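Some structures are shown below for you to check.
Below, subunit A partners subunit B and then partners subunit C, in two separate complexes.
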Partner chain A sequence: MPAPTAFMAFSSALTGFSLVELFGTGVADTYYDALVHILSQATVDELLAAYEPGGEAGLPRLLAHPLYGPLARNVIKLWYTGSWEQLPPAVVLRLPVAPVDNVPRVISAETYLEGLMWKAIGAHPMGGKPLGYGVWAEAPAGHTH
Partner chain B sequence: MHKLEHYDVVIVGGGIAGAIMAKQLSHQQQRVLVLEAGAGDPTLPYDSYLAYLDEYYRANIKVPNAPYPDNPNAPQPSVLDTAPIAPPVPNTAGYFVQRGPNSYGSDYTRALGGTTLHWLGTTLRMLPEDFELHSRYGRGVDWPISYDDLLPYYEMAEREIGVSADVEDQQFLGLHFSPGYVFPMHKIPQSYLDMWLTEKLADLQVERDGQAYPVRVVSTPQGRNGMPNPAYNNGEGYVPVGAVGRPDLGQRCQGNSSCVPICPVQAKYNAWKTLAAANPAYVEVQTQCVASRVLVDGSSGYITGIEYKHYDSQNSGAYTTHVARGTRYVLAAHAIENAKLLLASNVANRSGQVGRNLMDHPVLLTWALLPEATGPFRGPGSTSGIPSLRGGEFRANGAAWRVEIDNWGWNWPTGAPYSSVDQLVDGEGRYGADLRQRLNAIIQGQVRLGFLVEQLPDPFNRVTIDPDYMDRLGNYRPVIDYTITDYTSAGFAAAKQVSDAIYDHLWATDYTSYSPADAGHVTYRGQGYSYRGAGHYVGTHRMGTDPDTSVVDPRQRSWDHPNLYLVGCGNMPTIATSNPTLTMAALTFWAARNLLEDIAADKVLAGAELSALAE
Partner chain C sequence: MLDQALKHLHDELQKAIELEFSTIPPYLTAMYSIKPGTNQAAYDVIRSVVMEEMLHLTLAANVLNAIGGRPALNVAELLPEYPIKLKFTDRQFPIGLLKFSPEAVDTFLKIEMPARLIPSGRLAGRPDRMLLGGFRDVDLTGRTIGEFYADLILALEDACAQYGEEQVFCGDATRQVDTRYYYNGGGEALFINSLKTAKQALGLIVDQGEAGGDSLSDGDTTFGQAYEVAHYYRFNEIRQRRYYAPTDKFGDQPSGPEMLVDYEQVYDMRPNPRQQDLPAGSELAGLMSEFNELYSGFMNVLHEAFNGRPDALLQAVTLMFSLKYKAIELLKNPIPDGSGQHAGPGFEFVGAPVAARMLMADGPATAEAAPAREPVYDSV
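Take a look at the complex of A and B:
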């Protein structure tokens, strides 16, 4: 289902990437669906509800929360790596998460290729979106020699 | 299952050695059967390669074998199976039964195309002195052939693999080339990091055994497509070989930065290219056929057949047993698999050397943060190295090594950039723009060196078989005994000293750490060192001049069986410091030539007999 505005705002604040960049990955809906599938709609709604009142300014507090903190960090890693990271047992105990859904995995080949960490590091995903012959000889982007 | 009752040559193994054999023999109108244990469509459809790529994208842990699915009927080792070993309890976690005391850290791939599917593509020649290790330094053994003997076959291997390099860069430590020789393609552009290091290290000298050596950054010859050299082959030039089934793709390296485990466009050589270039009228390739026994005629010593187990599906252990027969036989199954098969069949082992002298390049990784951004995670895994200490008098006392300069940050030692994300998000609580910037800053400074350290042939480093350890089809699992000797550890110690000197010189912060909990860990003179495997299985059926101490003769033929050739890195008496695939490919061209010579000699003999009969 289409990723709701609240999820996108939350994601943008967590990742440091603009809404345009996030939508540009083409996998925002995939991530939202994966979260709902793994955590349940109720948990995702609860997480977003916990974020909304404070917004970006409230993130430090939310990230320190024993339940919302680990969930938010998993949302960051989802966007950065395209993979689901296993939630710690203490978190799982409090959630209706099926063990089969909480296994570490790449969500899809597409999410792997859209991982934001590759953009963040000024590179491209290993095995995809190549820069072209010999570009590795050029100075890294933003470099002033 | 195979089609003909009788072949001219039956080849076991569909990797680079088997493929070169099949190509060379088929173009001389020899009817060839290739039996490949692993999976793979013999018609080599491009889509089946893309399926590997998809596996890679979706693999949670992107180890070298990640794209190539585990197959219980032709199991393969995984680097994820390695662990510290506490003898006498072996590590039986994976395909190998590792008895230690040290862990053998390498994997290989059992599928059509073999480990060239995931090799890095480094194609260095051995040094002339590497062929004379014993005479020069009193260590190991000499080869029965010299660098100059192998030189024309190096050229054939460089053509087959499609090597990119410039001759003028490669003339060091006695390496020499045929007059006017150029590589098929110009050197692959060196990375920004390579050039940065070239400049910074130009004035650095290091010492080993009291002698000074420069730290010279040199472009590495690579089996990946670059710009063709018009001067190649006396001005005929060279046309890069693209992807099998999609020759328009992969004509140049695009910088996908995933050579290991898979080049998405096949700009990097894999053995499919050689299989595709064989004469199809004379080659039959059968996959999912695991050779289980070499049959021999007791009185003549001639090999009479290869017994193999054919399975229809990787999902079931059901199989049928067959025998492929030919006039001649070539084992090209891999250094471990060849040795296993010979031991299981009790053939070719008059010397008792089969399975012994197993070597690898234990790789000492060091990693640091540079004070400047150098653009890692772009381009081929390695485009340059530091070969200055590949040879020298110090080899009398300790192992030589080559230094690989890596272009992918801390990917190998720490799993960066994933680990860097974890560290910043979980460890440091970073998020948002701060996370994004900080990640960029730490990755941009990442540098990693790899020291590929030489091992000596040691009869107790070996693969054996044991009926207590079988795979699903009832074939033997390799049992590995492996010790890192002080000679190699002395190489580790010297490597770490040079690494320290390099990082100090660069004002880099060294983050290298070794732990006794690492799978490969040794202590030498009070210091701990952790090594990884290089995938360079060498030495299990070595060549030599004496049938009592070697398995094959200098022509690569079994001393014991006149119609049996062995090929692959198992034939190499020593490992030296170069990644072995190019040398192995050269030896395979040499073996193919010799096998064809045997065939021609038999024809002359048969002709003489016929004329004798006619008289």
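Take a look at the complex of A and C:
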């Protein structure tokens, strides 16, 4: 399903990437669907509701929260690596997460290619999005001396 | 007199370059609008055609350089502003930047139409005169791209017969962009230094585009390449959702295996995306601006490559990939106006931007202002 505005705003604040950059990955809906599948709609709604009143200014508090903190960090990892990281046992105890859904994995071939980490370091994902012969001799995109 | 003949040939070949180039952004836009992991067959078909258009552009530029001309690729007036209109004597139609759709495929079929599929046309002898786009005073011959090239070959032959081949093929050999610089791109970039090689190059363009005789094949099976039909027929495969079989002949509809085409699995791009149509100052406008800067930088490097610095083409490859990823980023972005439509690549030339200046910095600046002149295209 289409990622709601609240999820996009939350993701932008967590990752430091603009909405256009996040939409530009083309996998926002994939991530939102994955979160709903793994955590349940109720938990995702709760997480977004916990973020909204404080907004970006309230992020440090949210990240320190025993339940929302680990969830938010997993959302960051999701965007940066395209992968789901296993939630800590203490969190799983409080959530209705099926063990089979909490297995660390790359969400899809596309999310691997679209991980924000590649953009952040000015490189292309290994084995994907090539830039042509000899490009390894060039400085990373956005690199300044 | 020789000067006049050469001038005429230079103008015609420059038009060929503009014509070949003008097809590339529409093909790329349709291709990139396809959602990842879907419509793979259609994506591959469009990609195979666009690679050959890039080869055609290179071959036309090589022929132009071989006869002492100077290809111009970084002049705003000569670059297409979509939608453009392509005019032949007996037909004209707009070419826009469209998402992958039946409408886009129909336009592609019109562009690549072989002469013998035009019912009213003369099939033998010298083709009728036609006007292409904005050249109101300069008439080109031919009702199709293939006929345009057929006439170019005739004009080259005439000039050689009249003034001698060596007088006509007087270009500097170091300006040729051959296989040392052009690789993996729809065929071999031929080194042009004679009438024979020029005819080979222009003949290849026609064969890949239209095919000849009773065959649908593009005739290119060197190095064990698979059977491949010419451009028009490749687009017809998408439209009919079925591949041609090697036994299919002219006039047949495709009878090979089925091709899966799903026009729903496409980013719903607003037609003919332009910078000015995005909210000023928005992040999306910023992304479009980055794309247009990159595109302009790329055109500048391409211009360098065809004007004495063929090795610049190797750098241009990186820019081409960057353009692709930025175009796709735009296509994945909904326009924030509630329409549900998506942004897309504008292919708007904005002059010489930073990227080009950086890439040019390590070599002599050979860019020369090309003479201002009417473009091949009309704006619609």
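Quick note on the criterion: the second predicted complex is superposed on the first by the 141 of 145 C-alpha atoms of A that agree within 3 Å, B and C clash if a C-alpha of one lies under 4 Å from a C-alpha of the other, contacts with A are read in each partner's own complex, and residues count from 1 in each chain.
Convention: contacts are C-beta pairs under 8 Å (C-beta built on N, C-alpha and C of every residue); 3 or more make two chains touch, one makes a residue touch a chain.
On a predicted model such as this, the values are computed, not experimentally measured, just so you know.
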| item | value |
| --- | --- |
| When subunit B and subunit C are modelled together on subunit A, clash or fit | fit |
| Touch count on subunit A, higher of subunit B and subunit C | B |
| Subunit B versus subunit C as contact partner of A:D33, first or second or both or neither | neither |
| Subunit B versus subunit C as contact partner of A:A123, first or second or both or neither | first |
| Touching partner for A:D101 - first (subunit B), second (subunit C), both, neither | neither |
| Which superposed partner A:L131 touches (first subunit B, second subunit C, both, neither) | both |
| First, second, both or neither for A:D45, with subunit B first and subunit C second | neither |
| Partner chain in contact with A:G24 - subunit B first, subunit C second, else both or neither | second |
| Degrees between the directions from subunit A toward subunit B and toward subunit C, using C-alpha centres, nearest 10 | 70 |
| Smallest separation of CA atoms, subunit C relative to subunit B, angstrom | 6 |
| Footprint overlap on subunit A, where subunit B in one structure and subunit C in the other make contact | 109, 130-135, 138, 141 |
| In the complex, subunit C residues that touch subunit A | 35-37, 183, 283-284, 286-287, 314, 317-318, 320-322, 325, 328-330, 332-334 |
| List of subunit B residues in touch with subunit A within their complex | 53-54, 56-60, 62, 189-192, 195, 226, 252-258, 262, 264, 373-380, 383, 407-408, 411, 417-418, 420-422, 425-426, 429, 431-437, 439-440, 443-444 |
| Subunit B partner contacts - residues on subunit A that touch it in the complex | 13-17, 56, 59, 63, 72-73, 76-77, 80-81, 83, 85, 104-106, 108-109, 112-113, 116-118, 120-124, 126-128, 130-143 |
| Of subunit A, residues touching subunit C in the complex | 18-21, 23-26, 109-110, 129-135, 138, 141 |
